[in-house]
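One structure is given below, represented as structure tokens, and several questions about it will come after.
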Amino acid sequence: MEKKLFKSTKSRYILNILAIALVFAVIALLIEGKVLNRYQANLLIPVCYNIILVVSLNLAAGFLGQLPLGHAGFMAVGAYTAAIFTKAVDLPGPLEFVIAIVLAALMAGLFGVLIGLPALRLRGDYLAIITLGFGEIIRVIIVNLSITGGAFGLSGIQGHTNYIWAFVVMVISVYIVVTLIRSRHGRAILSIRENEIAAESCGIHTTYYKTLGFAVAAALAGVAGALYAHYLKILDPSTFGFMKSCELLVMVVLGGMGSVIGSVISATGLTLLPELLRGFDDYRMIVYSLLLIIVMIFKPSGLMGTYDFSLGGTMDSFFAKIRSLFKRKEAKNK
Amino acid sequence: MKTHTKMVPVPSQGIIPERDLDKSPVLEIVRLGIDFGGLTAVEDFSLIIGRTEIAGLIGPNGAGKTTVFNLLTNVYEPTRGTILLNGRNTRGLKTYQLNKMGIARTFQNIRLFKDLTVLDNVKIALHNEMDYSAVEAVLRLPSYWRAERISTERAMELLSVLGMQDMAGSIAGSLPYGAQRRLEIVRALATNPSILLLDEPAAGMNPSETAELMENIRKIRDVFNIAILLIEHDMNLVMGVCEGIAVLNYGRIIAKGTPEEIQNNPTVIEAYLGHSGGEQA
Amino acid sequence: MLFLSQLINGIQIGSIYALVALGYSMVYGIVKLINFAHGDIIMMGSYAVWFFIARLNLHPAVSIVLSILFCAFLGVAIEKVAYKPLRNSPRISLLITAIGVSFLLQYGMQLIFTPNPRMFSNLFPGQLPIGNFSISNATLVTIGVSICMMVLLTILVNRTKMGKAMRAVSEDNEAAQLMGINVNNTISFTFAIGSALAAVAAVLYCCSYQQIEPTMGSMLGLKAFVAAVLGGIGSIPGAVLGGLLIGIAESFTKGYLSSALADAVVFGILILVLLIKPAGILGRNSHEKV
């Protein structure tokens, strides 16, 4: 009889919470203990908002099976919503920021519904193109409005985002995606990716779940935008173009369409890599594009495929190995 | 083993088993028709199916059988005619709404959720049996855990009806062909239908698998107490298991009746032999 | 007067869009792929012409021919290396690969020739006065060459053996193969023709706008794609009609509203078309078989 320590769901949840707390404690120690310098410590924030962006895009691309090319547009909606809000009101810092993040999520989610409803009637490459079109339109509108600061951008945003905010918001966002996927709603979303006609014949309201998946992805991109705006303190509409959407797509594809852990790893890796390798910037996009082509040809499922990591399961198999090692030793001794 | 059912005529469109007479029919199709850009694919299709009847729809290739299934599930919107499912008109409803109203189907070319587990395939079909909201799911409230536990148990129960409980953890796409066909049936049953449409369930099966399928079809009818309408080219299966049969040719019904009547109907024989002898694969 | 000059501007840029849209349309028809790299082929063609003329001091006519050949070769090479291995993969993989190729071309050129724009001297200077109005020679050449190309392409597709093969492959790849058509050659040929048209468009574009940069292809390509969708993808007259409509719409937006809104109007048209008639003005509707 194999003994499984983490078989019960509850124990797995406790284990995961402990693991996340441990990671956070290590990061906090490294930063507060000045082991990491200010520059290095600050890198954690882009890592966190990119994780949110990539995981949320993966919800739409990997789990829902659509290919949106306008994700940066939703990020822009969130960033501008949050920034305009915090510039306009004068509340205590944390309260103001929480409201700003929620508003960013709602507004981006609303755009997600507005764009998703018509766009999701189309399939595959047509959907890709129409979302690309919407993304560009959002950018053009931002450039032409006065409240957004037009082409000059929006400056003087408060620097609310620190590593604690970034980490906590990132964990909550990833948690939402993971729990959503492992529910009846998530299974409905997966069934659309797998076979839309069969899903419909199984009683799944496909239009609703497509829109839901798309809207949640958009809302989380908005959250990432809010973090981004209050980290950079200045917004430039040209950064939210097609290029940014594609960059996010590269990260999703590289990590594996349909793998949350893959998205986390690739977002972290591809955010840190160019920062750590000086002079790499010129080659960054070339390496990205080559990676994209090579991965598609040789491992179209991405590095992680649809594999998702389960800490409990890994620990169990790890303990099982240790036990069998001990048993072998005992057998030898006898 | 043959079921000897007395078939009795009902006023409008055909015959149903005697035992279903006192119950309202599960499906009434009246003068259904569809045109594809000027081409009439199905015309004047009327059929009535009793509450626990096993009915067959046969006909040469290209006769429009699968089109009828697509019309019944509103994958295609009918151009003419009425479909009453459990007495309710289905016009204008979406496929998923029809499924909720009690019609489930399998596909000629298997359409499973290939990359998901067998259990998840069935649990997707149990979607509408669960009632927790997305917020409850994300917060992992008790309602989530309860519904998930019940639906897992229900899924395992359904799988065990066709002897698939040991495959629950396998990836659907990796199953052998026959098991994939069975899984598609279990998945359809999980949506709690009052009529099950099977599109060539025996395609690609050997005689012993086909015999097992016949047993399973009867078993499903008896266990779930539902009606079954199947499209099939295997005449042994159709004649062995169906109580009422409709024959379709060029989009029109050319004959309706019991297996014996159909086997001796000259129009049917001509339709089949007139086309090709090798039809019955 | 403003109206007439905007109309002519619109027809001019529209002709270029039409040429590029033809390439999109043909490639989409045959491999069901939105070739995101197609816009960048225009960029490569522009750089090729510029390089041959400004750096190697070749005669313009020779340069144009060489760059057309270069683009045709490049198109075929991209198909063989990046797309062919994925012919049986999900279309989403193919699309992502196309985006990868597009980026590779753009950033590769940025690395070689720097991101700075280069000046390109007009090969057809001068103007043709018509009454109190004048049209530049570049405009006339653009419109004339585009018309010739479309006529030639129509003849190629409808009247030649290769054209018949192309139509067969786009209708049903496997059936065409069974009929003895060499599908690989046909697809290569399609990419070659599409890319050659892109090179012609590149020369015309350069003469009109006299400036080239590594990212010039992406917006041009997207708009041409919008044109192809608007007209009905897979249809030659559709691509031409779509190209002209997009060109004129853009030109009028720039003239009467604001040039900042031109892109939004083009994409707005795309969205409307996709929602109202996804098959495009002259396209055919297709059903998925259940």
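Letters A, B and C mark the chains as written, and numbering starts fresh at 1 in each.
Operating definition for what follows: a contact is a pair of C-beta atoms (placed from the backbone, for glycine too) under 8 Å apart; a residue touches a chain by one contact, two chains touch by 3 or more.
It should be emphasised that the depicted structure is a prediction, and the values quoted were computed from it without experimental measurement.
Participant: Of the other chains, whose C-alpha centre is the longest way from the centre of chain C?
Facilitator: Centroid comparison gives B as the farthest chain from chain C.
Participant: By C-alpha centroids, what is the most central chain here?
Facilitator: A
Participant: Roughly how far is chain A from chain C, going centre to centre by Cα mean, in whole Å?
Facilitator: It comes to 35 Å between the two C-alpha centres.
Participant: Using mean CA coordinates as chain centres, what's the chain B-chain C distance in Å?
Facilitator: Computed from C-alpha means, the inter-chain centre distance equals 49 Å.
Participant: Which integer distance in Å separates the CA centroid of chain A from that of chain B?
Facilitator: 42
Participant: Could you list which residues of chain A touch at least two other chains?
Facilitator: In chain A, 197 touch at least two other chains.
Participant: So which stretches of chain B touch two or more other chains?
Facilitator: Within chain B, the residues that touch at least two other chains are 75, 107.
Participant: What residues in chain C touch two or more of the other chains?
Facilitator: 290
Participant: Touching residues of chain B toward chain A in the complex: what are they?
Facilitator: Chain B residues touching chain A: 73, 75, 94-96, 99-100, 104-105, 107, 111-116, 120, 123-128, 130, 132, 134, 137-138, 140, 144, 147-148, 151, 187-188, 190-191.
Participant: Which residues of chain A touch chain C in the complex?
Facilitator: Touch residues, chain A against chain C: 65, 67, 118, 121-122, 124-126, 128-130, 132-134, 136-137, 140-141, 143-144, 151, 197, 242, 246, 249, 253, 257, 282-283, 285-286, 288-293, 296-297, 300.
Participant: Enumerate the contact residues on chain A facing chain B in the complex.
Facilitator: Residues of chain A touching chain B: 175-176, 179-180, 183-188, 190-191, 194-195, 197-206, 212, 306.
Participant: Can you list the chain C residues touching chain A in their complex?
Facilitator: 32-34, 82, 85-86, 89-97, 99-104, 106-108, 111, 218, 222, 225-226, 229, 258, 260-261, 263-264, 267-268, 270-271, 274-275, 278, 288, 290
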